[in-house]
Structure formats: structure tokens, C-alpha cells
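You will see subunit A twice below: alongside subunit B first, and alongside subunit C after that.
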Partner chain A sequence: MTAPEATATSTPAVDESILLNVRGLKKYFPIQKGLLRRTVGYVKAVDDVTFFVREGETLGLVGESGCGKTTAGRTIIRLYEPTGGEIYFKSTVLGNSAPKMVNLLELDKAQMKLVRQEISMIFQDPVNSLNPRMSVGDIIAEPMMIHGKYGPDSEGVIVALLERVGLRADHLRRYPHEFSGGQRQRIGIARALSLNPRLVICDEPVSALDVSIQAQTLNLLEDLQHDFNLAYIFVAHDLSVVQHISDRVAVMYVGKIVEMADSEMLYNNPLHPYTEALLSSVPKPDPKYKSDRIIMQGDVADPSNPPSGCYFHPRCRYAVDLCKQKSPEFRELKKDHFVACHRAEELKLRGI
Partner chain B sequence: MEDGNKFIEVRDLHVEFDVRAGIIKAVDGMWLEINRGQTVGVIGESGCGKSVTARAIMNMVPKPGKISGGEILYHRKNKDTGEVTTIDITKLDPDGEVIRQIRGGEIGMIFQEPMSSLTPVYTAGTHIYEAVSLHRLVPVKKVGDQMVETIMTYRKVTKQEAREIAIDMLRRVGIPKPDQRVDSYPHQLSGGQRQRVMIAIALSCEPEMLIADEPTTALDVSIEAQILDVMRELQHSVNMAIMFITHNLGVIAEMAEEIVVMYMGKQVERAKVVDLFYDPKHPYTQALLRSIPKIGKRGERLATIEGMVPDPFHLPTGCVFHPRCPMFMPGKCDRIVPTNKEVASNHWASCLLYEEV
Partner chain C sequence: MAAATLDSSQKGKQKQVSQSYWSLVWWKFRKNRIAVIGGFILLVMYVLICIFAEFIAPYDLEHKTNYPEARPQTIRFLDSEGNFSIRPFVYGLEKKIDDKLRKRVFVENPQVKYPIHFFVKGDPYKLLGFIPGDIHLFGVQSDNPEAYIFIMGTDSNGRDFFSRIIFGGRLSMLIGLLGQFLTIIFGSILGAISGYYGGAVDMFVQRFTEFLSAFPDIPLFMALAAAIPKFWSPIAVYFMLTIILAFVRWGGLARQVRGLILSLREREYVLAARSAGASDSRIMFRHLLPGTMSHVIVIATLSIPGMILSETALSWLGLGLRPPLTSWGVLLQEAGTVYAIRFTPWQLWTVVFILITIMAYNMLGDGLRDAMDPYSAR
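Right, the complex of A and B next:
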């Protein structure tokens, strides 16, 4: 396999507003075989991923299933232990209330626990992510208890949170099964906010919801972001939802980010052929729209045995010989518009 | 030829679920008509009765549900003589020979995530077992063998031909290396791949009608696009009718010619796809269309529908949508049940806005 290239080229040098700066993040899952569980290879779920999130903004992370977007989200808070890379986070807790950039991978267990107050998570499945034997109040209080923040006035805080997410105070003593999917997702959101985080990783938070409930939830997430100055990493596969909520969008393909830009720019002027193909296959809610989609030939690459060069080349209609040989560098082609494609300069791609 | 084209007519269908807390009217007076070769889309939020209607057409309503009224007329064409006989599916024995021929062979179906949609909660009554064995992958058997068996049940082909059909169909739904995958077991496939295998099985029997209940919801857009293409191709080559159930308005705009909007077990609107999207009549449809994020329009706040779907045990009086309706007319909507009116040519809506009361 090719050696990983240097990755320090693609983030602005000093930007005060950057809350999270991920550089060259890798997560390889070993493939073990045989009686002795020998490691025979690796699934490169996240392979040299570099991006940043500014305070109070939403970064959308899109890609097909299995591209590593969920793993990337989970690796950031070390739910999975990364294989390599650096994750800088501007922590207020560890900096003694003065914001300080820390590398999450260098923290010990106790420090990591402290940082977890500032980074929380909302999960996709509103049914399985809530403990059925805990009341709503207990579910929301649990993070506070774990972090020793539960005090006499916490119940008031929890009630306020419940009301903020559109539930009622008398829901406190009820159990998750008594709620609809949309309401359960609201409980999950309230739990994520119970410790006043700065960054919330939303893993497909609206994928399981009906359109009308989805709209309510998206509006709620936007309001909360505004009220609490939250930054979101919004992992999703629905491109219209991602565009709606995101300031910037990163597109992943087989463990790598292939393009990252301002949402408007990415959707209107994509620079990567994969982004173009993905955008063209979104079904539009307009019966008069003549769909002109680009069918990607071939199979999604296998992350345990990716193709040579650019991982997308076997499916790319613009691929040339160079694409088979050399892995493209992830570079800033225009201001704030990053892309990993050899032919990005010359190609004229179609957006939405 | 008008009548020869009709395939399924659902007339005033009622399906009830008798549960401990009372009776849930999952489908409450539903009308639906599907012609040969036509795609009808059914949209609505979860719990509105769209899936139950689909299952009723297969006479496969899970217990404790039962069809409590109405009829489902199936105009069955004899493949050899072309003769059409009309059968009322609700009158058939759910375990009988006739319905078993119809299911899978003449009316195929794809359910969303088949593993979970048929949960073991509805204990294994025979007709559920039937449904499970026909429409779910058996974990201990190779994918290819299961496909070959199903294909041979419904089509007159040899084992070798069936295997070729299976491989070809796997390729068409986008399974990588289909000639190898055909010999793998279901657990070796990803969830999305299993879903595609189910779609491949349903399509490879070349049914006259396909009931597709959220068939692509769990899949990526690129695969979804591929599968929608396969469905359309087949529709043209064998004049297959499709009943397409989804809550994805983008998919439905692309696939359906006619759309039925359901709310709380009732049809609230029915129209040609362009009329429905460009000139929706019912306030519920209007709200639904406004609430989807549209690509290319960022930053606008999404319109939402106030409140929640009502508790099925305490349905609102009058029009069931009135507590959430932005056009609510006090004294009317909470007292009078609207009837289905033709508000424009071939455009039906159940709303008091269009009635003189």
C-alpha cells in the first residue's frame, strides 16, 4: 500500500474561530482470521481524513453507506480509538475556562471524560439509543450524574430543557415507549444538551423520521444552535437535508474526504466527479423535472482492499491513467474549497 | 377496453386492530384503483395506514388486525386464455391455494427492511409463516438457492435458467460480483444488499403488480436511482402495475403517475402527479409539500405541520385533520366529516373547503 502523504497542507494556519481541527485521522479495523485470530488485513474505515469545524457552524458529512462517515464521527470523541492522526479541540474545561487547543488523542482517561462534557452526540435510532427502563428525567439527568453535575436545582434545568425541545414537564416521569419517534429524538436531543456542549455530533438524527417530523426536528436543531452557539457535525446521507442545515459540507468516499466546501459552492459548483454523480442522483420532488442522472458504473470500493490511485477511479467517467496510479492530494483549490481530484482544474462539473 | 385495464379496485376498505386498549381503525374507508402498467404512489406519515392497505391487498393483515369491511376486487387475467375473472381478495381464505398463487407470483411485494417488518411478535400463525417464508431470506440458505426456488415456483424455467435470471437480476439491482454473491448466505451481505436481494427476488418473478412499501428508504441515493430504473424498465417490458408506498416525495414525484395521500386511514387527496405537486388542494398535502427541504433553497425555515398525529383511540371529531389544519373553520371542520369530492378534473379531495355546508 502507498504510504500516507503529509496532510498538513489543508487547514488555515491560525483561525481563532476553529473549534475542532481534525488532521489525518485514521481508523483501521483489523480483519482477523483463523484459530489464532491473526490479523490478515485492515478495513480502512477512516483513512487520512482532515477537516475542521468552526464555532457555531454546521459541517455536513455525506457519503454512501459504509463510507466511514459514522465511524469518523465516533472516532472524534474516541468512542472508537483512532489508529492515527490528530484531533485538536478548543476545550474550555481543560483550559480552566480560557479556551485552549488540546489534542484529544493525548489526553488520559480523566481528561477525556472532562472533555466529553463539551462534545456530545445525537444518535440515529431514537428507539435503541434510549434505555427503555429509565424514565425521561433519568435519561436526561444521566450525563449530569456521570459528570458529578447533578444538584438540587438540576430538575429545574431538566424541565427547562424538556420544554425547550418541545416536550412537557409532565413527560419527566414517563418512559421512552410512550413516545413517538419524533418525540424520542427530542429526548435524545435534550440529553445531548444537558451538559451545555459546544460541539454536537449528530449521526443521522432525522433519517428515521417522517417528513413533517423531520422538518420540526431540523428547525429545532437550528434554533438550539442559535440559542446555545452550538457547532454541529451533521452526518447524513440525505443530500437535501444536509444542504438545508449545513454551512459547509464534506463528501466522503471509502474512508476519505473527497471534497469539502461551503454548502452553496459544493452544491452549485462541485469540483469532484463523485459529488457530481451523487448530486445528480438525488430524486427531486418535482414531477416536471427531467432527471438526468449519472449512473456510477461498477461497485463501491471495498475499504479492506481499495483500488490503486484514486479510490473513485473505477467508477469515474473522467478517469485517466494518472488516476489509477497516483492518489490525489486533498488540496485547497479555491478559497475554502478543498478537493481530492487530479483533474479538478480542467473538469466542468454540473451542480444542482 | 377501460375495464380490461383495471387491475385492483379497493372499495371502502376498513381494517381494524383489536388491541387491549380498544380498537384501532388503521384503514377507515379507503378507496383505491390501480390499472395495469400504472404506477400509483401512496404517501402519508407513519401510522396513516398505507402499509396496512398494502397488506390487505395481499390478504396478509398481521394479527390482531382484520379486514372488517369493504372489498378488494382483483381482476385476474388468465395468462393463457386472456380471460379476466374478478376475485374479491377479502373473501379468500388467507391460507388458501388461490391467494398463495397470487402472492409473490401475480402480485409481488417488497417491504422495507423485511427482517424487522415481520417481527416475531405476531406469533407464527400459518399465514404469517407463509408470508415469512416467501418474503424473507432464510439465514441458513444461500441467496442464490432461495432465489432459484422462488423463481421456479412462479415461472416455467429450468433450474439453470432460474439461476441465470437470479444472477442477472442481482446485477441489475447493483450487487457487486453477482456471480459470486449468488452463493453467499444472507448474513454475509450488508443490510442494503439484503434489501436489494429482496427487490431482486420480487422482480425476478415478473409479477403483474408490484407492491413496493418503502423499498428504497434504507438505501443510498446512488443505489436508489439504480433500483428505480430497474423497476421502470420492468414495468415497461411486462406492463407491470406498481403500488409505490413511501414518504419520500422526491422518489414519488419521479415514479408515480397518480398519487394518493393518506391521513389516519383515509384518503385525503388523489390526483395526477403534476396536479398534486403543483396544485395541491388539501391543506394536509399542502403542508406536507412545504415541509420538505428542497435542494437549492438553503436557509429558509422549513414549514411544519402543527402538533402530532392524533391518538388512534381518541380520534378528533369531524375532519380528523382539523386540530392540525391551518385552514380550520370552527363549527364546521370539528363537526362535519368531509366527503371525497372531485374538485378538479380527476383531482379528488376530502376537505370542507370544497364542500357547500
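Right, the complex of A and C next:
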């Protein structure tokens, strides 16, 4: 558990450029058993997560499968109702065009709907994320229709958007099954941009694509970020992809963020043993390179029954007794470099 | 502005290359010969029987003649002397007493020929209830008012059986369609609510459908049918019966829709709509229900025969429609005695019509089931 002071230190409250500030976010899924559906426990998918995103920057959120990164992304936009925490977002819509920090969890339904214009999502699966019964034009127009912004010139806007993401105007009346995976993901991106959002939550947008298409899509996302001054939360499990696109990176392990820093800092000088192990698994395009991977022992901890102390201690090469007993604080060890490890000061860890 | 560049010629071209889900379904369906035949038979039957019954049937439903229990007349081209005539004709009927059976019978009289004409004047009717007419598809023309054509014989009141089958089919075939329509509405709405909201609503709907499906069909029908007041008009009874049939049968469909909704609501496109702020009803009607429709249509098509058979069975048991309403079930009930089978076996022609309808529905339903998944190989 992160101590409250640590949470406070991790948020430079005066920083004007912060667009999204998530503090102590929790999402527990109840485990129900038996005929009466009694709650016998919780899966702590997101457990006290604190991070922030500045305007126009990309925050990479990485971790193994099941570490809660997707849940964290979906909880921010309240696709799942959070169990606890605060999500501050600098909303222009609610502030009557003067940006205003609002806590998304305190908004009522109507206000939240307004904010949804400013935050959108790109999904992982290009097959599942587009309704097969709707034409491309209808898919991209849907957010506009939901917010009553679809007018006579909207079709022109949509066509421009289609061309901007690398599709053609005559794709407007086609259906998703007529496109390849990469093209479908572009449709998903166009849909996410149709209301001019400020923040886009990209939930593993390239992991279902093959490698050459991944690069194209990443470049497209970067171009769009420049053109529209977008901030991204980029959820991924592939560190090389994240390195390519992110300004800053947060590493998650079993529902908690264990390390967050500028991506260069994090890749060169990791402070958490888990980050080190992840980095050692990044493949290098050098045939002479002798692989020196850190093979982690055991499995990812069960989020419904996590180990005592630091969740990572059963798999950690550097674990000491303290790690089994006490949960480490998430603290700012160097400027803008946050870590949750008891031994962060003493360890010399290997980066890339 | 770029939309303006989409001129009409371009739009025409797009139509050619782009296929919506339903055009793919149609494409695949067309390739299935048997299903197309089934669909065609049904289309023809519904048009002829439900819309043009008065025109197709040579006589009115209640047209009583002096020829009770007459056997079907043979349509002939050759008369007893071997003369060929291009126009088909039937022999007139003559009353005789069968001494052995001590019974009055009608036999064909080769002395009297009635040529068959198309589009003859006959009993007046109102098509669809408002278009008056008196032209029938076929019939005999003669100065003799006792000239009749009974291609499927007559019943004990001397009414033309072919006409009665046609009119009876109207009620039987429509009850399947109407009842199934109600089933789809009950079933898909309740299934969708149950699957989408989950929790207590889901629990209640599911237990209720289990209760309904655990209940034995026939006693339930009997109880409900018995509850229809005797003094109701036949039309009210008919609609009540339709509602009863739909009420008993929506459970299965509701469960299937619920299952589909459960899987669809976790699709990322639904999440995408929700993340954009779509309302529950928008998600339900734009994203979830359209995704279940193909399945619902298949299930509905395949269960219309069950609906028609239920009506037939109920009416046969005397619990469904009652005379003067005429349905296939009512006709079968009249034929359901040893006497009828011994002396007027032509009353079983009804069965042939029921069989054709049900076969056609099954053929169509099978084809639809394959076509509804156009993305699969094959």
C-alpha cells in the first residue's frame, strides 16, 4: 500500500501542463460463489495506482498479461466504475472553454457524457472493435451522433478524417469485413478522433497486428499526436513498441505501478528489479548479441490472493526479508523517476 | 467539403463493390437451391392463400350444395366415348343409393359434362375485405345451377373441400406468422433486457422462462384455451389463441437472445460505443439486437412449423379454433372420425397442404441458417 504522503509527492500539483492526474485508483472485481452469489473475495485488478499524463505527451503503460493495465485504462473513462481513488482531468468542455480540473468520479452521468468527447479509446482487437453491421462512415460518425454533433457537413469531416488516417473517401460506405487488420485499426483510430479528443487511451492498439503494420500504425499515431496535440495513454506489453512511442513509461505489476519515469531514464537506468527483468527480455536486432535474459522464477502473482509485502518478492532476485513483510512505498527517488522498491537506492540494475 | 467530391457516379460504383451484411446473406442464400425453392413455395402459398384465397377458391367457404360427401371429380380430357376435348371437363354428379351400405352416394354421370373455364363468375366476395369481385380462378360454366366442380370432394354439408382448405390455410398459416412475430418481440426484448442488465432482472426472467418451459405444453394450452370466454367473437378467439401460442413459446428464444447478448456486450465495439457515451437504448438497438437478428430469424423460421402444428393440434383436440372459423386443424378435426376416414377419405387432403408448408419452412430455415453466417467458408 502506498502511503498517503508518497501519493502527494508523486503529483506536482502546480504543474499546469498536467492533463490527467490519477491518484490511488482502485478497481476490485468481486469473486462471487455459490447459489446466493456471496462475495468471497476480490480480484484487485487495479490497486492503488497513481500516475499523471501531461498535455500532448505519451505515457506508456506496460506489464505482463493480467497485470491490470487494460483495466486501468478502462476505469479512467469509467467503462468500469472504480472502487476508489480520484481521476482529475483538465476538461475544456466542462470549464466553459477555460480548462478546469475536474474529478471524473464526482461527475454525474450528463457531465461525464460531456467529458467523453475529450477522452476516447482505441481498442486492441481490430475485428471485434468495429460493429460488422455498420458501414465505416456510420462507425466513425457514431460518436458525433451520440453527442448530437452530426450535421450536414459531418460527412466531409469524416472523409477528411479517413484520408488523414490513410484510407480513401470511397471506403466510407464499405463494411469492416472488407478491410485488412491494419486498415480496420485505422478505422478505429478515425473513430477515436472524430470528436477532437485531448486524451486517447490506446489499449494495445498494435498487438494484434503484424510487425510491418505495427510500425506504420505507430507512425500514424505519432503523426496524429503532432497534428492534433493529443495525449496518449499507451497500454502495451511490448517494451520495444512502448519505447518507440512513449515520452514516459509506467510499469505495472499485479495491479500496482512499480516504476514510472521518462522513457529514456527508465530504459537506461531502471530502478525496479521487475523493470530490469522485462528489459532483459527485449529482443535486440543484432545477430552477434549474446542473449542474457533474466529468467523470472514462478508465475505472476494471483491478484485475488497476492503475496505479502512487495508483490514481486517471490520472483525477485534481490529480495530480502523486509520485502516479504512490508509493502514498499511508491516514491520519487530522482526527479520524475518514481519507484516502489525497498532496495532501489542500493541496487545497480542493468538497462538496455 | 470533401463530401462534395463524392459525386453520384462514384456512389454508384461503391454500391457495386461494397456489400453490407444482408447483401452477403442474400448472396449466399441464393446459392442454396433447396432453400430458394422452399422460400418460393412459401411465398406463393402466402400470396395465394392469405391474400387471394377468395379468388383461388372456386366457392365461398360456406357455400352449401346438394352434394354432401361427394367424392372428388376427375378432371378429364377424354369422355366415355373416347372423344378428346382440348378443354378439360368434369362429369356431373348423380345421386344413387348404395344398397349394401344403405347410404346415399354420388357417382359421376358421363351423360353430363361441365367444361372447366378459367376466370369464371361465381360467389361474390371482397378481396382483402374491401375489393369487391366475383371472378374465380377456375370453375364450371353452365346454365344449370347445380353444376359444380369439386376437385377435392365435399364435406358432410356439401361444401367444396378445396375451397375450405384454401380458406383454412389462411388462418393456419397466418397464426404461425403472427404468433412467431409476437414470440420474436417478447423473446428478443426480454432476452435482451435479461442479458444486458443481468443481476436480479436476469434472475427473474430466467426463472420465469424455466417455469414456462418446465410446464407441460398441452395441459397449459388446455387451461389457457379453456379460459377464453365462450361468448367471444371468433376473431377475438383467434387472436387470443395466437397470443397464447406466443406466450408459451417465447422462453426458448429469450434464452438464446440472452446468451447472444451476453457474448456481444463484451465485444469491443460495444465498449467503444459506451466509452463514447452511448445510452443503454442506443447500445441495445444499434449494436446488440442487430447482432442477434440473424440468429433470431433462423430460430423463428424453424419454429413457425411448430406454431402451425400447435394450432392444428389444439384445434383438432377441440381446444383451439372452433367452427365457424375454419383452419386446417378444424378441417382435420372434422376428418378425425372413423366414419370420415371410411367414407370421405379425401378430407385428408389437408394433411398434404400442412406437410408442404412445413417442409417448405424447414427448407427455408436450413438455408437461412447457413446463409446467416456469410463470413464462414463453404
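Worth a mention:
Assume the second predicted complex is superposed on the first by the 346 of 352 C-alpha atoms of A that agree within 3 Å, B and C clash if a C-alpha of one lies under 4 Å from a C-alpha of the other, contacts with A are read in each partner's own complex, and residues count from 1 in each chain.
The rule we apply is simple: a contact is a pair of C-beta atoms (placed from the backbone, for glycine too) under 8 Å apart; a residue touches a chain by one contact, two chains touch by 3 or more.
Since we're looking at a predicted model, the values are computed, not measured.
Because the two structures share subunit A, they can be overlaid on it, and in that overlay subunit B and subunit C fit beside each other without clashing. With both structures placed on the common chain, the touch criterion links A:135 to subunit C but leaves subunit B unconnected. When the two structures are aligned on the shared chain, A:17 is found in touch with neither subunit B nor subunit C. Of the two partner chains placed by superposition, only subunit C is touched by A:146; subunit B is not. In the superposed model, A:229 lies in contact with neither subunit B nor subunit C. Of the two partner chains, neither subunit B nor subunit C is touched by A:103.
Seen from the C-alpha centre of subunit A, the directions to the centres of subunit B and subunit C diverge by 70°, a value given as a multiple of 10 for the model superposed on chain A. Of the two partner chains, subunit C is the only one that A:123 touches; subunit B does not reach it. Shared-chain residue A:32: touches no atom of subunit B or subunit C.
Superposition on chain A leaves subunit B and subunit C with their closest Cα atoms 5 Å from each other. Common to the subunit B and subunit C interfaces on subunit A is no residue.
Of all the residues in subunit B, the ones that touch subunit A in their complex are 45-46, 176-177, 190, 192, 219-226, 228-229, 247-254, 273-274, 277-278, 287-289, 291-296, 298, 301-305, 308-309. Contacts from subunit C toward subunit A in the complex involve residues 1-6, 10-11, 13-15, 17-21, 267-269, 271-279, 282, 286-287, 290-291, 375. Across the complex, subunit B is touched by residues 64-66, 180-183, 210-216, 218-219, 222, 237, 239-241, 243-245, 263-264, 267, 277-279, 281-289, 291, 293, 295-296, 298-300, 352 of subunit A. Those residues of subunit A whose C-beta lies close enough to touch subunit C in the complex are 74, 77, 79, 112-113, 116-117, 119-121, 123-125, 128-135, 142-143, 146-147, 153, 155-156, 159-160, 163, 169-170, 172-175, 177-178, 188, 191, 195.
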